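Chain naming follows the written order as A, B, C, D, E, F, G and H, and within any one chain the residues start at number 1.
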Amino acid sequence: MNPHDIRTLLEKLAAGDLDIDDAVDQLAKLNGIDDMGFAQMDTDRKHRTGMAEVIFSPGKTTEQLEQLIERSLVHHGSVLVTRLEPDRAAALVDTFEDLQYNASGRILATPPPSPAIHPAVAVVCAGTSDLPVAEEAAATLEHFGHEVDRITDVGVAGIHRLFGVLDRLKYARAVIVVAGMEGALPSVVAGLISRPIVAVPTSVGYGASFGGIAALLGMLNACSGGIGVVNIDNGFGAATVAHRIARRDPEGETP
Amino acid sequence: MNPHDIRTLLEKLAAGDLDIDDAVDQLAKLNGIDDMGFAQMDTDRKHRTGMAEVIFSPGKTTEQLEQLIERSLVHHGSVLVTRLEPDRAAALVDTFEDLQYNASGRILATPPPSPAIHPAVAVVCAGTSDLPVAEEAAATLEHFGHEVDRITDVGVAGIHRLFGVLDRLKYARAVIVVAGMEGALPSVVAGLISRPIVAVPTSVGYGASFGGIAALLGMLNACSGGIGVVNIDNGFGAATVAHRIARRDPEGETP
Amino acid sequence: MNPHDIRTLLEKLAAGDLDIDDAVDQLAKLNGIDDMGFAQMDTDRKHRTGMAEVIFSPGKTTEQLEQLIERSLVHHGSVLVTRLEPDRAAALVDTFEDLQYNASGRILATPPPSPAIHPAVAVVCAGTSDLPVAEEAAATLEHFGHEVDRITDVGVAGIHRLFGVLDRLKYARAVIVVAGMEGALPSVVAGLISRPIVAVPTSVGYGASFGGIAALLGMLNACSGGIGVVNIDNGFGAATVAHRIARRDPEGETP
Amino acid sequence: MNPHDIRTLLEKLAAGDLDIDDAVDQLAKLNGIDDMGFAQMDTDRKHRTGMAEVIFSPGKTTEQLEQLIERSLVHHGSVLVTRLEPDRAAALVDTFEDLQYNASGRILATPPPSPAIHPAVAVVCAGTSDLPVAEEAAATLEHFGHEVDRITDVGVAGIHRLFGVLDRLKYARAVIVVAGMEGALPSVVAGLISRPIVAVPTSVGYGASFGGIAALLGMLNACSGGIGVVNIDNGFGAATVAHRIARRDPEGETP
Amino acid sequence: MNPHDIRTLLEKLAAGDLDIDDAVDQLAKLNGIDDMGFAQMDTDRKHRTGMAEVIFSPGKTTEQLEQLIERSLVHHGSVLVTRLEPDRAAALVDTFEDLQYNASGRILATPPPSPAIHPAVAVVCAGTSDLPVAEEAAATLEHFGHEVDRITDVGVAGIHRLFGVLDRLKYARAVIVVAGMEGALPSVVAGLISRPIVAVPTSVGYGASFGGIAALLGMLNACSGGIGVVNIDNGFGAATVAHRIARRDPEGETP
Amino acid sequence: MNPHDIRTLLEKLAAGDLDIDDAVDQLAKLNGIDDMGFAQMDTDRKHRTGMAEVIFSPGKTTEQLEQLIERSLVHHGSVLVTRLEPDRAAALVDTFEDLQYNASGRILATPPPSPAIHPAVAVVCAGTSDLPVAEEAAATLEHFGHEVDRITDVGVAGIHRLFGVLDRLKYARAVIVVAGMEGALPSVVAGLISRPIVAVPTSVGYGASFGGIAALLGMLNACSGGIGVVNIDNGFGAATVAHRIARRDPEGETP
Amino acid sequence: MNPHDIRTLLEKLAAGDLDIDDAVDQLAKLNGIDDMGFAQMDTDRKHRTGMAEVIFSPGKTTEQLEQLIERSLVHHGSVLVTRLEPDRAAALVDTFEDLQYNASGRILATPPPSPAIHPAVAVVCAGTSDLPVAEEAAATLEHFGHEVDRITDVGVAGIHRLFGVLDRLKYARAVIVVAGMEGALPSVVAGLISRPIVAVPTSVGYGASFGGIAALLGMLNACSGGIGVVNIDNGFGAATVAHRIARRDPEGETP
Amino acid sequence: MNPHDIRTLLEKLAAGDLDIDDAVDQLAKLNGIDDMGFAQMDTDRKHRTGMAEVIFSPGKTTEQLEQLIERSLVHHGSVLVTRLEPDRAAALVDTFEDLQYNASGRILATPPPSPAIHPAVAVVCAGTSDLPVAEEAAATLEHFGHEVDRITDVGVAGIHRLFGVLDRLKYARAVIVVAGMEGALPSVVAGLISRPIVAVPTSVGYGASFGGIAALLGMLNACSGGIGVVNIDNGFGAATVAHRIARRDPEGETP
């Protein structure tokens, strides 16, 4: 709960700009919860963590999504919906005309700030099959206001491809590396630059990749330093880490 | 290979301050490798990644450690040895009098810069049994030049203990959270602050912790955003991530 | 086999209120088994354990379900069918008009006692995706005669939501906590109240949740005391534990 | 923090029965934390959960144990230390003469209340190799004030042994069942009585028991209802569940 | 290769009852292989192991099944096809009118010997969901010529159901026990009788049964002696073990 | 409980050959339990299953072993102790002079019947490192009264070694096959003979044998029929299966 | 980057056979990368490793496949597409008329060299269900220019089938062995011949084959020497290993 | 069994250079087995596979090792003992003065052929902790007669170290790559050269390396072609694969 918001509300009440009923209603929400019955929206999360609550689609009905989107727009003026399949996205775009759907990243969101308000993050992926996970990360970062540099298909089987993009990697404030199979790319990248690496294992691979376990273990055991790992196929999670690393503070300080 | 170093060397040669044989020898090393026979020290790593090569003790003889310490001192003027048992540390401190041994963190190193030259990192641990891993992280960060704030024994079974240290958590540029058993602490911390979290699972726990797998999975599946995970018991690895996040750039820019 | 039932039957026989054939038939069933050929209904289970045999739908034909429902109604006057899909439920509701179907919990049952005859149990869930499992637990408890308090979406990423419902948690005689992902909620709840916790891991989560293994291990390794764990997604099982904890004894004693 | 304790303290201060310094000191602790530097003792836990913080020995030095024991005695007048090896126990008994060591259960504690103040709990174990885990549970329950009935060596290979103790099982308010190998005993017991079962898998067994995984999975998949499972070899954890189920409320109400 | 068959063939050739070409052709097959191109039928297997090669359907085309059935009939006068889905079975029954399809056990075969020529085997299953696996075992045993006693739904949650069938269990020469979930039934049965037990874990169960791993481990770790375990859901495999145990030798000796 | 034993006892009492106190004492034991406090010896097991209760040493004190041995001798006139280390065996042989210790199989037992009273069982092992497990099986079978044929070091890397012993394999009534590493030997043996195979995986092997999991899975997935599998390194368990298969019935019938 | 190609290009430019723009374009590609936006084709791979980049279909759109095929034909005059489903193959064959589709091996490729230009490789499979994986290996090898000998259905349950093909196995320069279930065939083959074995586990099998883990572990733990293992179901990968072993060097030397 | 050896033996007998008893004895051994009671030495293995049987030390007594060494010397004039600890090696070197012990590789063997008789194999290792496994491979290859090039400490964290040795890698006929942690080195090497790669995962690493599983999975899932994998820490196994690939045929043909 943000003390500043409470003060503002009480000043309005004192000034007669707000009646008692509205004040009660707003105060109820200022406790950081918008109780929607089937959900308790954490309206204070942006204040605490810098990122508003995001809507994870699986397991929710379209009606529930509509209500959550509407309330998120009321509280924050923006919304981010992840893991949304195309057909449901189409219906929601009909309802909420200002939202944009990123089919590759399966993300529905309000348009990102333009120009970007936070430093650059590079999103690197090892193979073309890893693209959807990388795009989920990239689109989320753009929603958060970052400049994003997408670098694709630079896996270690042809390592010369990586050397051609070293300058782009070094320019970024943080680097997300997305890879399936043996997940070796983060180790190699971390050995070449000094920025923090966020590694995302993907479930891409033959039998013994075991749905991404091979890549996950590869990244956790990387022989290079400076690598933080997130869950399998979790491009969104990688973006939240990179955002916390790279975002400019409210006072405008550059990380 | 650092162009500046090459230039300096060639200038000395031209000025007659270096004879040909020494120049050849030094140039050979300037290719970024100090070939020690049993090891190929990566002398260029600090230039590329901001962190010099660190010496991991297990599986190395004391003689090998001595040679590696000596060469690291020659190349960088500093050294960091990890996972070193007390008896071997005592012998090495006899040989290298300027080194200091941190018994809890099992780290042998040259004294850290004083005062600190990089921003603060908080190292939080859930229980007293997690202290050795937390100390490995803390001592490594001090070696890298960070201000470090150690916060101990604030596990979720008594969650009020965490609220008492919120201001210290918010002050830090990055927060390392060390926890065993169910590994729930990073989720809770990440829900309360906006800085990036580096989560370290430990092997502390009863039977079905499976040597830290339970905590590792807990952290990878955290419902809060902004958490990068490192290997089980890998306090050193967590410090390398936090350092890349929090270090001040050579130009003095604060992250 | 209940001695009281045998005595009653024999008294009827002696009084001429029952002929020999019927007596033989009923005695056969009084041995605690209703032999239906494809199944041996355990008609004595309610007497031994306080809970009549429940019908688990998967792998049974609709004809078998009909026979089992019919025999359960004969023996107990009530029936509980779990994990029943909507289309089969519709057919069975046509046949047995007194039964009610709970679509979210996938449960078909005779209406619960009203008012409740057993103390309150709270059913808490961490996220909206965990609702079906929570509802299976809640509906089962209502069938058993408990007052049930459903508390939803209070996961640890926004822990203030939990503090708002502490009084409801303390009022309950037992608390079921349903959570996926890292499964941290039971640890936090158990650190705040004194009642027994029944923890249910769910299969909700990204890749490395491994179908609920992450949450299961998290709950088994909870650093707080007082938590008993049941199988993944097993809301019904959790209800059986809570019922044994919280039910009022036949003599009317409150647990 | 217990409001009643605060009031009492302030009344003493007002009445001149306490000087300012002592009041400050005591209030500091009344925030629920005794900050011991290497540990943050949760002094409020007993108030919240009904069980004071317990001292888990592994990974702690003997000096740390001494300090924790001393502070626990100050705060609660009692202490419970678990997983303590005999040699360290001998040293601590020398220092704290009132403590008693239970070698089989590896528990050091103040003497339990006599007579018992809470209802009976049965602790059943399948084989003689499971005895240490069962004794950890039994001794912990006695420390909490329960009447305890130890029933040993009634595994399912000779199931008639179990029928001989049915009356003792039915008398208990809760039943802890400890078993290794296939972990089948809880299923059988739960099918015979109506009280809640707390199942403890042990690491006893041949190769493919995998340190207790076989028994753990057996118990989680039990075909009988009413079973809550705790971690492998975690007799202490089982006792905390049974205590929450079976303890008499402060108002004296029998569960 | 059976010497007797070779002799017979050569005698026919010598007697002029066989021409050279046919002799060559038959001798080629007498080497124990019927080379069908896509398969090498092991025509000698019945001679070596007492059981002719059986046809496992998955991954084979219907045309391949037809050819294999035809050749099996030529070599042995009988055939057994396992894991055959109903629609393909219908087509094959059209082609081979003498074959019979057992839908529950998914087995297509020539009619079994009547009356049975081998001793009785009991096939016990714990729950009704385990029936398809049990039926695969039972139908295979009947094909091999055994008397089979099917005993269903006698799981350990209501253990009195088992005592009612003890005499039938003791009569059998071997007992197959089929169970899912915790797989405890074989332990209990093996503690009550003296015949060998063949245990079959099934994939029936909630989340942490992990597709039958829980039951498999339970059976491998059984505390009772005399239990041999086969693969998950492998009713056919269990029948091959029971047949080797219980079959009457060619000389008519009863096992 | 054996009715014949009860009758005998009562006849002695009636004839005055037994006084009341002794009769009470003996009847108490005739309920099938010898209650030794720390253990409940199942004295009826031999009657039910054909094998008396066996003493598994690990986790038992030497005093407990002495008591168990003594009581076993009283009840059965014989005893079998498994997994006994040499130093403890030496002490027990001093106390019980008639017992013999088999160091390789780690078995202490009364001398086996001579000559053998049950048919032959072959115990085959793949490599010399598997010998201790094979010897545990062989010595247990001799204790049970079987003729035993030990066949060693016939692994599949040199498969011609197996063909040389085919006649010995065919002579046995059952064949135990012990193998580590990939555990392929049972598949090959089962394809060559018609007798039942009991397969024992061992923990022998390089890294990815995972303590016997590789061999265990290999045996469970054997492509040949007729193989029942027991736990890793469980030579004793294999012997109990083979004994149930191969033992001559009390009436003298040969299996 | 092949120096010869660069020289040729520059000579054309000098001779006026190439204008500047085309030269720039071609040189860009001669750095070993054909930047297609969504992919970075590694055009130098054939030069470095002897095998051009291959197109793995899953996760790529048909449009992407078309572009990749076209560019591969431009760079190499040949193309190999793996894991391609029949319907998409049909569309691509319409577009690229010279390509041939192998339905069993799911491979689309330019016709292989005829006659073969590299030595023979044998591809052996244990059962008919393993055929698709074996065919993927065989067709890939033919594409690379090898003579291929397909040997099917010679699993260890009827080991005499293997002895009949020993001469064919010995003739090959390398032997690929494909097997599911327990994966024992490579051990047996490696014990009979002197050529290197490439072992491919398949996901064929009953429950506890766990999607090929059993076969994979069996092969990694083979007691015979000379076996290199590839990923589950990875026939293509096996072919790349065999090709590197068996291919004739550019100078025409036979391996 | 080598026909040439049989002929030689029979010629000697015919010429009177051998008496009947010796001939019988030698013929017995010519069946390919030297029956030593506790072991069946496979004396024909060298003839079949090109490599004589090797002695794996663990689980064998020193007496057994002596006998096996002696017999191996008789049959082959050479011997190779693996995984031998230094103290036992010292004793055996006393007995067999011609043997040499390689302490790092834990190998005891007759001196290797000098000069080498087979082409070069490179043995590359990622870190200094992997050296013992690499040395086991290298020493085994020298025993087999290969030229061996040891390349150490060229892990991917400093990938420039690898480029400096590319010519040495290309010169070798096969390349063994030994790596722990994430096991990424084989992927990178296989992308740079055209020779077959034998990858050996090691158990070196922090917690979640799980004793080498991470490296094993990394290698099995390598995105580069041409990699065959052996068991964890199995340097010997890698050498057997490389030998089969690289050895010169008896006719002198170079592979």
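The definition used in the following text is that contacts are C-beta pairs under 8 Å (C-beta built on N, C-alpha and C of every residue); 3 or more make two chains touch, one makes a residue touch a chain.
Since this is a predicted model, take the numbers as computed values, not measurements.
Chemist: Which is the least count of steps on a path of touching chains running from subunit B to subunit H?
Modeler: When the steps are counted carefully, the minimum from subunit B to subunit H is 1.
Chemist: I'd like the Å distance between the centres of subunit A and subunit H, where a centre is the mean of that chain's Cα atoms.
Modeler: 51
Chemist: So, what's the distance in Å between the C-alpha centres of subunit E and subunit B?
Modeler: Comparing mean C-alpha positions, subunit E is 61 Å from subunit B.
Chemist: Distance from the CA centroid of subunit C to that of subunit D, rounded to the nearest Å?
Modeler: 28
Chemist: If you average the Cα atoms of subunit C and of subunit E to get two centres, how far apart are those centres in Å?
Modeler: Roughly 39 Å, centre to centre.
Chemist: Provide the list of subunit E residues touching at least two other chains, using ranges where the numbers run on.
Modeler: In subunit E, the residues touching two or more other chains are 45, 157-158, 190-192, 205-206, 208-209, 213, 216, 220-221, 224, 231, 237.
Chemist: Just spell out which pairs of chains touch, all of them.
Modeler: A-B, A-C, A-G, A-H, B-C, B-D, B-H, C-D, C-E, D-E, D-F, E-F, E-G, F-G, F-H, G-H
Chemist: So in the complex, the part of subunit F that touches subunit D is made up of which residues?
Modeler: 31-33, 38-40, 42, 44-45, 53, 56, 58-60, 64, 201, 203, 211-213, 216, 231-234, 237
Chemist: In their shared complex, at which residues does subunit D touch subunit F?
Modeler: Contacts found on subunit D: 128-129, 131, 152-154, 157-158, 160-161, 164, 204-209.
Chemist: Given the complex with subunit G, which residues does subunit F contribute to the contact?
Modeler: 126-127, 155-159, 181-184, 187-188, 190-192, 205-206, 208-210, 213-215, 217-224
Chemist: What part of subunit F is in contact with subunit E in the complex they form?
Modeler: Against subunit E, subunit F makes touches at 45, 48-51, 54, 174, 190-198, 216, 220-221, 224-231, 236-237, 240-241, 243-245, 253-255.
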